[in-house]
Each structure stands twice: as C-alpha cells, then as structure tokens.
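Scroll down for the structure; my scribbles are underneath it.
Labels run A, B and C following the written order; every chain starts at residue 1.
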Amino acid sequence: MDALYHVLISPFVDMATQPVFFAEVVIGGLMAGVMYALVALGFAVIFKASGVVNFAQGAMVLFAALTLVGFMEHGLPSWAAIPMTIVVMIALAYAIERVILRHLVNQPHIVLFMTTIGLAFVFEGLGELIWGSNVKALDIGIPDQPFFVGGMLLNQFEIFAAVTAAILVTLLVIFLQKTAIGRALRAVADDHQAAQSVGIPLQTIWVVVWSVAGFIALVAGVMWGAQSGVQFSLSLIAFKALPVLILGGFNSIPGAIVGGLIIGVGEKVAEIYWGPIIGGAIENWFAYVLAMVFLMFRPQGLFGEKIIERV
Amino acid sequence: MTQAANEGSRQGDEGAAGDTLDTFPKLLLHQARTRPTRPAVREKDYGIWQAWTWAEQADEIRALACGLAALGMKRGDRIAIVGDNRPRLYWTMTAAQAIGGVPVPVYQDSVTDEMAFVLEHAEVRFAVCEDQEQVDKLLEIRERHPGIEAVIFDDARGLRHYKMDWLHDFESVQENGRAFDRENPDFYEAEIAKAHGDDTAIMLYTSGTTGNPKGVVLTFDNLIKSAEAGIEFEGLREDEEVLAYLPMAWVGDHLFSFAQSYVAGFCVSCPESASTVLQDLRELGPTYFFAPPRIFENILTTVMVRMEDAGALKRRMFHFFMNVARRSGTRILDGKPVSTMDRILYAIGKVLVYGPLKNTLGFSNVRVGYTAGEAIGPDIFEFYRALGINLKQLYGSTEASVFITIQPNGDIRSDSVGRAAPGVELKIDEDTGEVLFRGPGVFREYYKSPKDTQDTKTEGGWVRTGDAGVITEDGHLKIIDRAKDVGHLDDGSLFAPKFLENKLKFFPFIKEAVAFGHKRPHVSAFVNIDLEAVGSWAERNGIPYGSYRELAARPEVYEVIKGNVEQVNRDLAADPRLCKSQIHRFLILHKELDADDGELTRTRKVRRPVVAERYGELIDALYGDGETGHIETEFTYEDGSKGHIQADLRIERAETFAAEAAPDLKMAS
Amino acid sequence: MSEAYADAAVSAGAPQAPARVFTETLLSVDDISLSFGGVKAISNVSFDIKQGEIRAIIGPNGAGKTSMLNVINGFYHPQQGRITYRGKVRKKMRPNEAAKTGIARTFQNVALFKGMSTLDNIMTGRLLKMKRNFFWQALYWGPAKAEELQHREYVEHIIDFLEIQSIRRTPVGRLPYGLQKRVELARALAMEPHLLLLDEPMAGMNVEEKEDMSRFILDVNDEFGTTIALIEHDIGVVMDLSDRVVVLDYGRKLADGTPDEVSRDQKVIDAYLGVPHE
C-alpha cells in the first residue's frame, strides 16, 4: 500500500502543492529537450534525404564543437571562428561524398548505416588527433545570467538556446519547402532514379545534405559545449537522439522538435518525482522506455507520413 | 428601377448610345463610364485569377464587334456561341448585339447532330468556338450546312494545321476590328444606338419534352426587366461575386451571369476548367450562387462520406452540431423564435462546424443561393439552410426569362417553390391543373414555329408551363408533376403520380416508387427498397436476409416502409387538393426495376406503360381485397440470358388521414 | 478523342501520317551491346531517331526495350558501341548529365515524388533551367524568388496543356494511376526536352485514358516540336502514333521502318505480331 502511495499518489501531491517548483522542473525539461531536438534534427535531415540513419551525427556534434574551440584557442574571435567551422563542416561533407557515398550508390541501407558507424570513430579520432583530448570550455559570449519570472528561476542561456532552435527549425522548413534546392532534396529523398532523370545531381545533393547536417551539428555542439564543456561524452548524446526520433518519426522535422521536448520533460519529471523511489538515475534509461512504449502504439512516430507531406 | 439604372438614365443623355439603357450594349457603355475600374469579369487561367475591368471589357467588346462587322456580319445575323463559360464567349454576346446580331449559345456537350439541328434551324452565319473540340464539330456541321460563313476560335491549341480561310483566331478578328474602328470611328456607337428594348436580344434553344429543340426568342426588355426585378427583390449590389459555371445556353446562366451583371455591375468569374469548379468556388467564395439540386446533393454526399472517414471525435462533434442546426438553424435564418440554449449551441457550432464546413465548400459568403430545375429533397435543402446558407427554391423557365416564382426571405418551405416573382401573375388551369403565368419576361416567340408559339402563349398573354401545380391559400406554388402525367381519381380529384413518387423517394430506404390511381377509386403504390441503405440497417438490427428478394419481404422492412408511406399521407392530408391522393395500399416489389428489363429509361425514369403491363396482376391485386398478389416475371441476368421468378407479395394497408381543412380555412379568413 | 483528331485531320485536309518526312538525325545508336554479368540484354543494335518524329520501340517482354532507353538516358553504360547525339559522339554520362543535354523521360512504373504535390513534382523539372546557383536558391531571396515565379508560369502552361489544373495541389501519391502518368509526362515536359523518352506511357490505362494520352503525345509533338521515342505494347496505339518503328527481340534488332512496313515484315509477324497481345 505504502509503495503504491509513493508511486501513484505522492508525486502528484508534490506537483500540486509546489506548482512553482513543478514549473521549474518542466521548463528545465523543455530546455534539455531543445538540446536533444537539435541533435535529432541533424539525423532527421539526413534520413529524410537518403533514408540512412547517420550514426555519426553525435560524433559530428563533437567534431564541430572541437573545431570551433580549437579555432578560438588559436586566438580567432568567435565571429570568425564560426564561419571557419562552417567551412570545415562543408569541406567534410564534400569529402564524405567523394570518398564514401559516391561509391555506395544503390547499396542497401544497412551498408550505409555501418559506414556511418565507422565514420563516427573516424570523427572522434580525427578530433582528438587535431585538437587533443582534454575537456575544453567553450565561451562564445552567450549570456548566462539567471533571472526570476513569477517566482521561477530561469536562465538566459536556456532562453537563448530555445530561440536559436526555433530559428533553426524555421529556416530548415523554409529551406525544404520553399526553395528550389529544398524541392530537389525532397525529390532525391522520394526517388533517386526519377530525381536523376530530371537532372538533379545526386552528388551535389549529398554534399548539401551533409553540409546542412554539419551546420546543425555545429549549432548543437555550441549549445552543449557552452553548457557542459566540450568533451568526448558529447558524441554519446547521439544515443539520446534515437529515442527522440522514434517518438517523433524519423523523417519529420517537427517530429524531432516535439519528440525532443517530450523526452526532455518526461525525463526530468520522472527523475525528480519518481527517481528517489526507484533509486535515482532514471534519466539514463527513461527515454528508451518511453520510446519503446510508444513504438507499440504508433510505430511510424508521432508525425507519421501524413504530416511529412505538409511539414 | 434599380439605382444603377436610375443613374444611367440621368447620365445617358450625354452618351452617343441613346437615352435609355434598354439594351446590353448600352448598359455596357454605361457601366464602363460609371464604374470603369471595377472588375467586370474574371477568369482563372494558368492558376491565377485574371480580371478585366468594365472599361477593359468594353474595349474588348468594341474591338470584337467591329471585327465581326469587318467579317461581314449584318444586323439580324445570328452567331452561334459554343463552349464552356469563358469571358470571350460572353463578350461575343454583347459584341453581336452591339451591331444588331443575335447570339445563339449552344450546349457545348451536345453531340454533333443536336448541334447541327440548332445551327441550321437558327440559320447562323457565324460561330465562336472555345477550342479544337468544338471547331471539329463545326467542321462536320459545315459540310452539311454551308451557310456558316466564318468560325472564330478562342483557344488555338491543336488548330495549327487547320488552314481553312473561313477559320479565324479570336485575336486576329479583334485586331481587324480595331483597324476597322479607326477607319469608321462612328460606326460602333451608331450601331448601338439603333437597337431598342423590344428588339431580339438572344435566342435560347430548349430541349422541350417532345420533338426537336425550340428557339426561344427573348427581347432586351424581357431580360433587362427580369434582371432588374430579381436584383431589387434580393437586394443585389455591384460587389456581388458570382461563379459562372453552368452552360451558357441555359437561361439561368444567361440571366444570373450576364444580364444581372450588366444591370447591377457585379463581377462574374469563370472557372479554370470544368473539373476545377469546386476548388474555384472555394477560392472565390461567391455571394450569389445557383446550382441545380443534383450539385447540392453531390456536395452533401461528399461531406457525409468524408465525415464517416474522419476520426471519432470529429464525427461525433459533426453529428451533434448538425442536430442542433437542424433543430434551430433554419428557424434562426427565418428569424423565428429559438431557445437561448439552442442559440448558444448554434453559436458554438458555427465556430466549430458550420463555419469551417461552409468555408471548405466555398459557401461562406453566400447571401443568396438559388436552386431550380427539379425538386430538391427536403433533407438536402434543410441541410444547407441549417448551416445558415440562405438557399432558396426558384421556379422558372426559358419562356419566362427565368423567374416565375421565388421563395421570399423568411418564408421558405421545402415543399413549395415560393410565390409569384415580382411583376409575374400566376394561375392554374382548372381542367388540367397546369400552371400558367404572365409577366415582363414572357418570350416573344419560338423562332420559326408560330404553331408552337400559339399553343404555348395563350389568350391574354398567359403562358403554359407544361407543369401541373397547386397554389396554396397564402400564395405559394407547389409543382406536382408534368401536366401531361397528371390524371384523375374516379371521383375526379387530382392525381399526380410523380409528386407522390418523389415524396416517397426522398426517404432514404425507398429507391424507386410507382404510384397508381388514374381512373381508380384510390391511390396505391409499388415500392423498391434501396438495397444498400436497407441492407446496412438490417445488418445493424440483426435482421437476416440472403437476397434483395428476401430483404424486400421481411415484415420489419414492411413496417418501416409503412411508416414512410403514412408520413407521406399525413403531409398530403394537410393540402385539401391533394388529400385524396393518400396512398391506401402498397407493396414492396420482389425485384428492382431495371433499365435492362426496359422498366426504367437509361436515365432512371419509370416507364409507366411497361410497368403497368408487366405487373398488371399486381396492380389488380392492389385494387382487390386480398392480402397478397401473385406474380410471374421474366428478368435478364447480367450476361443477358433470361430467367423467371414467381412470387407471392404481401400487400400492406397504410393508414390515411382526414383532411386538415380547419387550419387552411383559418388562414384564408 | 484520338478519333476526333483523326476525323478532323481528314476533313481539314491536314497532312496524314505518311506525309511526314524527317531529315535531320537527332540521335543515333551504333552497334550497341549491353550485358549484365554475362547475360546479354542488347546485342549490336543500331538505329536512329530523327529530329521531330515520333519513334516507337516495340518488342516482346525482355526484348531489351527499357534497357535501350536506360542506355540513351545514361542509367546504363553499354560495353560496346557509341551514341551520337546532336551531331556529337557522346561520352559516358550519368542520367543527370543526359538531362542537362535535353533528354527527358518517364518510367514504366511511374517514378514520381510521391510525397510532393503535382505542382512541386512538375517544378522539379525546371531545376535545370534555373540559372541562379544553389547558394542563392538556398537563400530564397530576391532574384531567386523572381526566377521561381517565372518558372512557375511556365509550369502553369504545361498544367493547362495537359489539363491537370484540378489536381495542382494534390499529393501525387493520392492520384489514380492514369493521372500519375500524366503528371510524369508534365514533369518531363517542364524540362523543355529535345528528346522525350516515354516508357510505356499507356501501361495499365483504360481505353479512354489511352485515347487521352495518345492525344497528348500527338499534341506535344505538334505544339512543342518535341522528338519522342516511346515504348508501347498496344500495337494499335503504336501504329496510330508513330512515324517509324524499330522492333527488338531478344536484344537484337528485328526490323526498322514505318508502321506499315514493319507490320508487313514476316520476321516481325512471327516473333511478335503473330502472338496475340492484350
């Protein structure tokens, strides 16, 4: 009885009696969710255009962050270091197309997936080789002052991250839906053969897609890096992005966002209110349980095929 | 007189076109002067609505009129117009009228032979076609009827290799017209001034029920006065939006999309293509809309099908609020008292259901909607009215320049077609029950058919409609049948089989009905059930059946149909003249009436003589006193082979009701 | 529809099919051989396609027709032989490069971008015509936007031409098969091709749809002057539509000539026409 009370009733009593604290937990969760979403977005873009789960997305986040920090350590100001890093990511996308993807056209997806696992290790190794393996602080001048709204403690950084994510998503949607190149990208995602026959060069599209994914990785890397330092565990956040994608649907941009937010909030709330009962560390596996439960009911994710058409 | 017309007569004296606005070309000049920058016509082309202002439209028409003159068109010449609703085809009407020609719009989907008849009968010298498809028909007709001197086409696609010298591009005709105009600058306006209100404006061919089509000659006065009356009656303004999508050869389109636009100055929009009408409707959001019942029926079916496919929540919400609407929507529209609770629910429904639904259908802005042409099912009619769309029935004919009766706002009943339109008088022929009318829109004659004219336009200017009807005490007209189908019961009272059959067919379970009663003591009927509707009802209620025949014989089904028949009887009892037509006995046929067996026409109309002959035994049984009727019939299998069925069918008695004379008397006093 | 066209052509005294003469060669394939892992799909086939004509490629299943189209449009690279296009011997090229030289095609099983609307599908056909580079297009700014509108206008003309206005905004995945084929043709036309390859444009259509499609093919050839090479199974359609026919069987060329000549060729009758077709 007592155990049941602690699981089923007391957490809700706590939420109801301390609403401000609960709101803080939820907002904290949302912020973490934005971070997850940023990583998941990179996956979604590549999956949408090629049907491949890019296992190396996490490593790309790390690599982008490392590169940025590296440039800044060499004395470049952030306004110069960021474009430089973007150039590096684009060059990388180009190299990936040249060296790997070009030779794997029409191969089964599993082959490409395995390749991306290999890529992940290459990125990590490359990053370490060039920039060293110490934990580095990343400070590009994002304001980080806490402030109170209605009794809740908020952080400017979190707001900044949320706004950045919103802008990024808007840009992505416009890019994919409104521009000719976005249309070409969607065309390639739908049917390679047909896309080629109307004159869309697959190679160029791969480069664009991987560049976009690289750019998203950079944004995610900056946010994570600024929050918790640039270190090798960054590449592990890829594992957090997977449940997000399952929840939101692999090829849906809004799905990545909503999925990220749900997981972020779910995780935090579970950790705070149920964590003590079970003994803590729920955060590490809760996302997977949520995703698995979800899979049973809606295998295509929250935003199934229907929404994709409109995104 | 409308405001527009008043303004016109004030300003008209300075124009060269004459002092009164009694023809369409004069109205055109007037509109181009008074509202030059307002849109006159729109067409969706290449995905965009292209508009012409009144001034631009006047220019185009002037160029075309002069071009036609340059081609040799003389006063009195007839010009055929063949195609979908297109601005250029509408311009042709005015352009021809401007130089004294007579436009003859032709149904664009008619086969070559039908079209040939009209063109020959009207002795057209010129034709304007929409595209290659129509030009090809003209080519064929011209071989038999060389009187066609010039054919002008709007869309040049596929006509590149047609090198005939009498085939002209619309634009080149206009170009020549502009040159002609420069050389004869006074020609155009002088020609316009020559015409007057009592001149022929247009010839519209109607199929009629028998024989060849007849050319109804309408004058400018007919059309302009009818248009003005309608505008005044409904309060139409220059900012109405109208979608012109019904055939240009139909008098309704000519009046609503042409005549009234010229008089009131509103803009007419032409859809992109026949297949995009529903989308164009949604984009345009017309304020003034007309459609035959068939279209309203189709739209309703689509809505219902989509609702069944929608999620459970959405579906439940839809049904709940539609019930609210049926209860109170029509009453709100008619300004009758409604409970506060229902008013609140209706307001919520408006936000959640009616508004979005009307928006998807393109009916959000409709102020006046008309339906005409045939009887509309009361359920369908009520559905749209319940949504808050001011849909009204109209009764009219080509010979009347449309309006005979209209349902006035606030006095709308699903079973009447309204009261006499402004300026129109009605009467019923005592012997035949036929509706007669006279008024400003009455046509001049049937072209080259004096005998037909004489038969239809009787003494005192009364025109026969060919429809039988009754006028209620308070002046509403109910159309009951074609006059020639109306018979009499033994006691001499009126018997209108189609009226009864339609009433029965409006019930979802009844697919077909045949009523008997001419020279009989009372009325009885055959019923065909709707296998789909009754079948799914039977399944829901656990009623077993193996075939149509078994289902038709189920006592439960008889019970439901009996309820329907008695409902009809109750309605009939309310009308003293139709009270005697109540259905005393009926039976449900063991097979569906079928066009393959010759019992129906291909358009699903009952062939009475065939039915009477094949089912003679059953008809006799209906008028006997037995409980069953025996029948042996031959039928055709899908593969064409023949078979026989024998059956004993139950005959059911339906309750009849005493005439409700009292309320009618009260109203009369 | 196609009957009406024929009737009109007769009464209007328009030139009949045999009167069409073409002189300039647009594309010729010489001695082409193609094999997949030792299996020969095409052996030593040569023929040409003249500027402005409608050229049919027919043959039983497995005759190598689709392989031939794939060679012409760059999906397959023949082991032997050469292709001369617009007067020049062509290098080995990818499909997107072939598209750049003005070769457009449709596919046997309809290869549309299923998630996109009809309009977006056709707009992809304009990608090659867009002059602004990827960078500007990605920004969707200024000149790129203006250019987009200009291409939209061209696409609207094609939509009008093929009478698919009513499905402009419909995702193509939801369209019936016959209309999908029409959208595919529209997408190919949007490329303003010199050479249009149609792989069984009427497969799976009912009679009415076939008539419509035949009319569109004739109209395209007539209005745009596009050279068309098509694979078709319906012999009646081939005889009506095409100026010249090449017959393939087991990867070899069996006959080549006007529909009339080909249908009288005994080899063809034995191999193909003698067999009842659907």
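Operating definition for what follows: a contact is a pair of C-beta atoms (placed from the backbone, for glycine too) under 8 Å apart; a residue touches a chain by one contact, two chains touch by 3 or more.
In UniProt terms the chains read A = Branched-chain amino acid ABC transporter permease; B = Long-chain fatty acid--CoA ligase; C = ABC transporter ATP-binding protein.
All values derive from a computational prediction rather than experimental measurement.
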Per-chain Cα centroid nearest the overall protein Cα centroid belongs to chain B
Highest contact count belongs to chain pair A-C
So, in whole Å, the Cα centroid of chain B is separated from that of chain C by 45
Distance between the CA centroids of chain A and chain B (whole Å) is 61
In chain B, the residues touching two or more other chains are none
Within the complex, chain B is touched by chain C residues 4-5, 7-9, 11-15, 152-153, 156-157, 159-161, 163, 165-166, 168, 219, 222-223
Chain A residues touching chain C in their complex are 174-175, 178-184, 186-187, 190-191, 193-202, 204, 208, 305, 308-309
Counting only contacts in the complex, chain C reaches chain A at residues 73, 75, 94-96, 99-100, 104-105, 107, 111-116, 120, 123-128, 130, 134, 137-140, 144, 148, 171, 173, 187-188, 191
Listed in rising order, chain B residues that touch chain C in their complex are 45-48, 132-133, 135-136, 139-140, 143, 157-158, 160-164, 272-273, 275-276, 279
